[in-house]
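In what follows, structures are represented as structure tokens.
Consider the two complexes below, in which chain A is the common component and chain B and chain C are the respective partners.
On to the complex of A and B.
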């Protein structure tokens, strides 16, 4: 299990991401970036899709990145990473770069750049089997451009393009299950994590960079502006998303599924919804039925995941006593 | 119309060399509060260090050190995640020791 001291030791060696960027106060994205980059021992190359992270960290002529970093466009982060990785392999083959000093290629994309606009390039890169890790920081709307709905926005959330009011109820559609879409590419590693569980995320990154071929991790980030919660509550909101089963933490290693975290106490979804201004309208009298629908959907999905977990559990090393998740990579 | 340029004649995209750049200070974003730490209570768990969006919680090697007010945006996330309530938010104009380090109720000299 990775410790926070290991992450600190890695950052003391090389500070890969630094302050002075213009992300909002209480933003969840830097937690994703620093946990991921500090968990990787090899040198990294970062490719970034357009989004909050890209816009706020690289206001020309400044940069928050202390690693080789590339941004091309909104829709092609995974394609750009494919090119970088292929060029690297070609240079190694010709002897122009050392073969025994591995480099890790990491892509950061928001939910807009991953669920919607960059989905085709992500799908292509996963299918071609490039050696890279794609990390999606999911804050559930286009926050950078002013909180427009994306396909990651959950049912009922109010955004500027799905506003709540007399006619509209908030977003009327369900969110897309991107982790399942990535899994359908039959890549060796797919995972889902959240900023509140840094050990879980760090663990997943360590496994993801070890597998052969591409890996995908979907991380729930938070957005105090779009979710309308207090900046100080960023981690608490993510924690509740996990504890209410809205955002289950799991991984799929070589096609085998397991839950990596089972909340000790399952919290009603209402607690999580109440913390956020974007769900305020759900508590009006006329919307009373919506809460039950949302709760039922979450329980149904949880049952389905638990069943998958039971079916595949035998393929993983067994849990030790008092352990809520395992760290062994080897499958039985 | 201008003649088409060869690939090697086109200027490469905007390039920034990190070591040449001094990041703009974002401490001015604070809305009236800044963090301060009581080192008597700190258990050196570093959760605040990892969760700080602005890398304004400093670590010395693998130990907690203090706050870099030049970059702290005052979101109070560190105070919220602190398991021992060692971090408290104080008014921005309050005098605090360098890096916000307090020990035995007084400033910590180091």
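On to the complex of A and C.
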């Protein structure tokens, strides 16, 4: 398991993502970026979809990036990365770049740029097998343009385009299970993590960049403006998303599934929902039914994941309760 | 002044030529250029370009990384990634494919990426139609790319090659679209002259851009966010790059002429110098028109043709010089700008503003509608009294 000291030492050695950007206080995105970049040993090249991260870190003529960084548009980060990675292979093949100095290609995209408008280009890139890691920072709505619903927005959340109102309890649809969609491409690594569990994320990144071909990690990231919680509670809100089983942490390695974190105490979903203004309306009497639906769905999904975990558990070294897996992981 | 080759020259040329379609010509050019990356998605009539090239790569005759992407949007996105990374990058498309690329065409131009695109010009939906017109390329008119329309397979081959050093000239650094008429050029076999592989490789040289993304020693932030304090200047710089194109093209064309004996200009003047009436056109139809001009000349009529090869940047000054003395000019557009005149007409009218010729505008050939010699003769006939037809005319249409 990585220690915070190791990550800090990596960052001290080479500060890949610097300050001076204009991401909000309490934004989860910088935690994702720093944890991911500090966990990768090789040089990195970053490709970024349009969204908060891109806009807030590269206002010309300034930049927060101290590594090669490319942004093209909203829906095509995976395709642009395919081009960069293919050019890299072509230049190595032709002796114009050294063959013995590996580079890791990392894509960052929000849930809008990944679940929705960028899904096709992500799917294409996963299918073609480019050597890259795609990290979705999932803050559950289009935040950059003012908190519009995405297909990652949870059932019942109020956004500016799925507002609660006299006859509406917020978003009427379930969120899309993007991690499962990525898994269906049969890539060698798919994982789900959260900003509250930086060691889990760091481990996953280390393993993701080792596998042959593309890897995908979906990271739950908070947005205090969109979720309407106290900025200082960002990590706590993410932690509770995990402890309520709203956002299970797991990975699928070469088709084998395992939960990477089992909460010691499972917290009722109400606790998490109550921390966030976007769910406030659910606590009106007339919406009690919606609350029940949400809790039941979470338990059903958890049972399904536990069953997958049980089925595949024999392929992994044992994991203790409330223990996050270690990098000394083996498939047995 | 261009004249027809002599019979002896024609026989000598045919002896050295290969019988190839325009699509195959473009594919041979790509084989010889051997770009680093070729992201691509199929669409008629571009398919024979990419199929021929894929086979070259499969046979080891080119070592390009082909990325068979899942859409043209991704083709152009991957092209931007590859070109930014530091690899010479080409792609090919047509019609709906170019339409889907458009967002990224603008971005590639603004990022100053020298990507060369082969276009098999085809009508746009709807209704869906696979045949030739120039509407697809016109979508990119204001995007900041250099645009050529070629007349035949030889030009298709030659312009693919010339476009590489033009695009990569450091004063230019812009994408280039080489449009060849769908089917009429892409699928029609003609004798064309291919240069030696080695000569083409030397001609295009090494790909060098000022700030490759894969320079890890000097990390760069590419494609950042602009606010009103910088955006306008960046757009102004794109215009400066366009302004550098005529000189850069002249240099490339001279070098190419030294290699091949074929000297190209942004425009081609055909029997224009003493013409009283002239047609302006782009693409394969110019071939038919030359025949008609010759016939009419034999009958003593003072007619001529101006073929525009380079549509962006538009060679305004050259067009004015070529046509300034002609009294009556008909511009034949193979695309429409609904609610206004044809896009080529508007350029020529601007070039001739104040110079005096009477002008007519015709639309022809949309969705692959044939243009016959009789139609062209009729245009020259109509031009005798240009004032009688000031409205836009449609050639070969059922009203």
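Basically, the second predicted complex is superposed on the first by the 325 of 332 C-alpha atoms of A that agree within 3 Å, B and C clash if a C-alpha of one lies under 4 Å from a C-alpha of the other, contacts with A are read in each partner's own complex, and residues count from 1 in each chain.
We adopt the following convention: a residue touches a chain if its C-beta (ideal position, glycine included) is under 8 Å from a C-beta of that chain, and two chains touch if they have at least 3 such contacts.
Treat the numbers as computed from the prediction; the structure is a model and nothing was measured.
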item: Superposition on chain A - do chain B and chain C clash or fit; value: clash
item: Partner chain in contact with A:63 - chain B first, chain C second, else both or neither; value: both
item: First (chain B), second (chain C), both or neither touched by A:7; value: first
item: Touched partner set for A:121, first chain B, second chain C, both or neither; value: second
item: Touched partner set for A:26, first chain B, second chain C, both or neither; value: first
item: Touching partner for A:18 - first (chain B), second (chain C), both, neither; value: first
item: Touching partner for A:83 - first (chain B), second (chain C), both, neither; value: second
item: First, second, both or neither for A:47, with chain B first and chain C second; value: second
item: First (chain B), second (chain C), both or neither touched by A:232; value: first
item: Single chain B stretch clashing with chain C - from 5-13, 41-49 or 59-67; value: 5-13
item: Intersection of chain A interface sets (partners chain B, chain C); value: 58-61, 63, 65-66
item: Of all residues in chain A, those that touch chain C in their complex; value: 43, 45, 47, 54-55, 58-61, 63, 65-73, 75-76, 79-91, 93-94, 96-97, 103, 120-121, 123-124, 127-128
item: Contact set on chain A toward chain B in their complex; value: 4-5, 7-9, 11-12, 15, 17-31, 34-35, 58-66, 195, 198, 224, 231-236
item: Contact set on chain C toward chain A in their complex; value: 36-37, 39, 63-65, 67-71, 73-75, 77-87, 89, 103-104, 107, 213-216, 219-227, 230
item: Contacting residues of chain B [partner chain A, same complex]; value: 14, 16, 18, 21, 23-26, 29-31, 45-47, 49-56, 59, 61-62, 68, 71, 73-77, 79-81
